[in-house]
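Next up: some structures, all given as structure tokens.
In what comes next, subunit A is part of two complexes: it sits with subunit B in the first one and with subunit C in the second one.
Moving on to the complex of A and B:
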């Protein structure tokens, strides 16, 4: 017995180390490299467009942001440019406000319906529908908005004008309501519904169940529960979702271009058929633009990029904080 | 005297369940709402579909409020108003989708001809009747764009997701933020960026590849975020088991984590493709828009389905708009097919 013990080979102890092996080092390096490409791309976008933007700000001055005109005059001595995106920025904000005012309440209603009212089957179906909406091509919204929504929305605009024209925003200098910021805002409202709804739904679903049950136990109605428990818990998340929608609304191009009459004039009347939008203006002018005008369009793109970046980062910050507090 | 006589059958009570009376009340409310709305349209100043819907909502809400106050007391006032508002809101959200799907089908089918799939527009004009020319070039263009964008963005997206879930390096928070910021980059900005950084500077000129680069920027965030969600669902036990067996992290990820999440990663890819298949704005700056079939993705102008729709729409004659409807129907079917596949594959994790 003792002989067998002595002859059995004793395995050398395995090297125990916490140092990553070569294969892991390579793996971690490669994956980290890919992870950083996102950062690289975003930085490059900012860099390339800002170089052009600074050029334009240099030639046009800060009036580029506030001026309402876009004039390229060709004379014998050369071409003079007098360009500004003030009207477009104003229009973008106006359309986005319409989109939020219409889209956010609808999204909240939809999210509440999905979370607290809908039977399971209808819920699955509607969730798919809302997600599908997010995948619809934007040119489809444009086509539908122009041929289907516009005739209806023009009629609605006339009704609003008839009864509410004493409110300055709903007044109009002329009786022309087609292709107005109002209609573009309605199209955008439909386009932001999926994102706002899904964020709101996610936040509402995180409401602590014990608090909901406690409210019911105290004899509350469903609406009472929503008002007293769900809204206070989820309101900041809904604000974040609305801001994500706002970011989308700022950057939407083709759909807005199709339904909006783009005019380089400051127009504060929502229902009147003249408006502006930075993203759509870029495609409108792109085909014919040369020289400094192209650069100015790139500068407009840069400003749009900055705007959406700010709105998105703010929105994500709010949404993440809300979702974290629910866990 | 038997023991069974003492047994009292206790049925679980469900006080929240609708009783026959409740159902009858709901039916009555809806019916009366319709009647009152019809009467309002007929006899008062209200008119049209809008007036009818308006009157119906008001009447049905009022009746609902009346009945629930009778049943539950004053407390029910806010509840029933809110309930009917929520139902109205949910319906109003659903209606546009239904309308979009139905009208696209109705208008698109009218123009569907076999020649759409077999010819390009080289010998035809957009203003010709739809029997002339087709959209083969646009279909092939879209496929080329999708394939190139996939080749570029899927590895990048999945690797970024792996970085965020497996490596969790110092930069994770930053990268998470960057990916979220990237998903908000307007499509028109992606197009402008590729125009200035690639088409103006490098030898790669206006072509399918340039368009695909712009689409890649839009696709990466979708792929990353979906992949990340899926990878997070892979149980940590599996990773620990792999490491405990003596595998390196690389082996664990490559042979355990990624295969476990395979279906989800395919879903992520498909959702990314669905996201970019219909993008129009970036293509305006990058692919030029050809009328002829072009199989070389790196040279010469290219077309794509959304671009074809766009062109038909901007020309604005009945014939060209018919072309747009038909092309958008084909594009929509493509997106729907992708979406359904993604849903079926990812069905298990979608709750």
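Moving on to the complex of A and C:
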């Protein structure tokens, strides 16, 4: 018995082939083609922006990222450009931080309510409302932010300034708090709620029932269950959702353009009414731009493209890693 | 009942109880091959734990009447096994005892469950306190995977916001009683997911012991385990039986015979599940009163 086993030659694995029908082949081709379109379009946009913007990056150098000025000067010898998006990058970061700090806790609370507390009927209704928020035109958020939110938020900003101005970020060079990154961030916070909420809601709902029951059987309160079981399980999903929200906050254009006082000045003071973000700057300058300025705007777009790509890749990385180690 | 004077007695008696258990456990190990190893704990000889009494318990899932009129008395310090074919309402029944039943949407119940004479369903009852006193071990081991072994054992304290003087002592005590200490004492900081299924289940037992329950419900605790782990857990049950009241659902009749003082037979004949018969375990297996019980324990159906 054993000798036959030893002497038997080990076969190489056979190739597994099938001969699909023509209709199947065609369908497969069509689906593959359309499936790759997304990748293709994204690549083409990236290529377009880099090719058109590369000249600016060449002439302006690394300073394009750090300079706070955007000057086009006409002289006898021609036009000179001194352009940088430093102020806009700074503004983008500030607005996004405000949006995340305010929006993510709100979204988590909303997701917890929808998953664990809301009665079935209210739940369906609220979920559709939250989804509707995602589809809402952002200019409407901007207008609402300008006319309704701003008067209140200015008051809040003054309060924060009054009591916390010793923190550098909450200080201001002048007593001017309208159209600030703070207020733009608040508007963005509301705009990222739908995406963060829906991702958080989905991961919370997937918490294994046996762990929830284990906690309850140990005499836990509902809050205890959420803290001990739901959060550890859902944290990676929430981080992923927050990163998606961040992606949106980076790229949001119209709402920020409506609310924010776009100024090419390095402003670290989140309450002070001066700032900007890359996307809204492009809109602001687009109409009047000619020649090299247009190219510079495309270069700014390329930077924005890279930033968004980086954030989303980071989100994927975090989610995948925590999923691997966590459970 | 002669057993009620115990819960506020001091720890000296506790120790006595513990020593006694070691003896009973080792003798039961010797007899483990005999399926009908009975009378280890005659009622009244053990004085720990609390009495639990179900009176006329019904349970529904929506309109489906799952359990009808079960009245059962669990004396303090005894082990009661609930046996019966699948779908007869055993698990539903024990989930009504610690109010886990109501987590299923549309679940309803009727009747009373008395813990030390007090209805756990009485208006104004703090359900979390009930579940602290009536612990539960589930069919599938369910340790918290994000916590270490040590954190798992002590998780109940954190969840119920209980304070304890010496956590390390409690940790060791619970793991020893659950029969897991020797295997994990060098890796209490490791994640619980790395343990085998049987170890995880004993960890879950240790976890439920940490909050000092008076009653422990076990819902088919060995059904997902190999025979070796099953025996370990049965040893643990025997060891725990002196200090608390245990109610165990099992599909394994040999297991019922090995660990329990009393056995209740549940059956659903098309309609809602009912309790057919309850008696000391040796009687259920040697001379059941009901024909249906006899058919079941002799393996004619189920």
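We take it that the second predicted complex is superposed on the first by the 297 of 327 C-alpha atoms of A that agree within 3 Å, B and C clash if a C-alpha of one lies under 4 Å from a C-alpha of the other, contacts with A are read in each partner's own complex, and residues count from 1 in each chain.
Basically, a residue touches a chain if its C-beta (ideal position, glycine included) is under 8 Å from a C-beta of that chain, and two chains touch if they have at least 3 such contacts.
No experiment lies behind these values; they were computed from the predicted model shown.
In the superposed model, A:321 makes contact with neither subunit B nor subunit C. In the superposed pair of complexes, A:44 makes contact with subunit B only, with no contact to subunit C.
Of the two partner chains, neither subunit B nor subunit C is touched by A:59.
Using the contact criterion defined above for the overlaid structures, shared-chain residue A:229 touches subunit C, although it does not reach subunit B. Contact with subunit C, but none with subunit B, is seen for A:215 once the two complexes are overlaid on the shared chain. With both structures placed on the common chain, the touch criterion links A:69 to neither subunit B nor subunit C. When the two complexes are overlaid on their common chain A, residue A:79 makes contact with neither subunit B nor subunit C.
Considering which of subunit B and subunit C touches more of subunit A, the answer is B.
Put simply, subunit A uses residues 221, 224 to touch subunit B in one complex and subunit C in the other. Listed in rising order, the residues of subunit C touching subunit A in the complex are 98, 100, 103, 128-132, 135-136, 138, 140, 142-147, 155-156, 158-161, 193, 204, 207-208, 211. If you check the complex, the residues on subunit A that touch subunit B are 20-21, 23-24, 26-28, 30-32, 34-39, 41-42, 44-45, 48-49, 52, 105-110, 112-114, 117-118, 126, 128-133, 135-144, 146-149, 155-156, 159, 190, 193, 197, 221-224, 226-227, 244, 247-248, 250-254, 258, 279, 282-283, 286, 297-298, 301, 304-305, 308-309, 311-313, 316.
Across the interface of their complex, subunit C is touched by residues 208, 210-211, 213-221, 224-225, 228-229, 232-233, 326-327 of subunit A.
Those residues of subunit B that touch subunit A in the complex are listed here as 48, 50, 72, 75-76, 78-79, 81-83, 85-90, 92-94, 96-97, 99-100, 103-104, 155-156, 159-160, 162-164, 166-167, 169, 171, 174-175, 177-190, 192-193, 196-197, 217, 220-221, 224, 248-251, 253, 271, 274-275, 277-281, 284-285, 306, 309-310, 313, 321, 324-325, 328, 331-332, 335-336, 338-339, 343.
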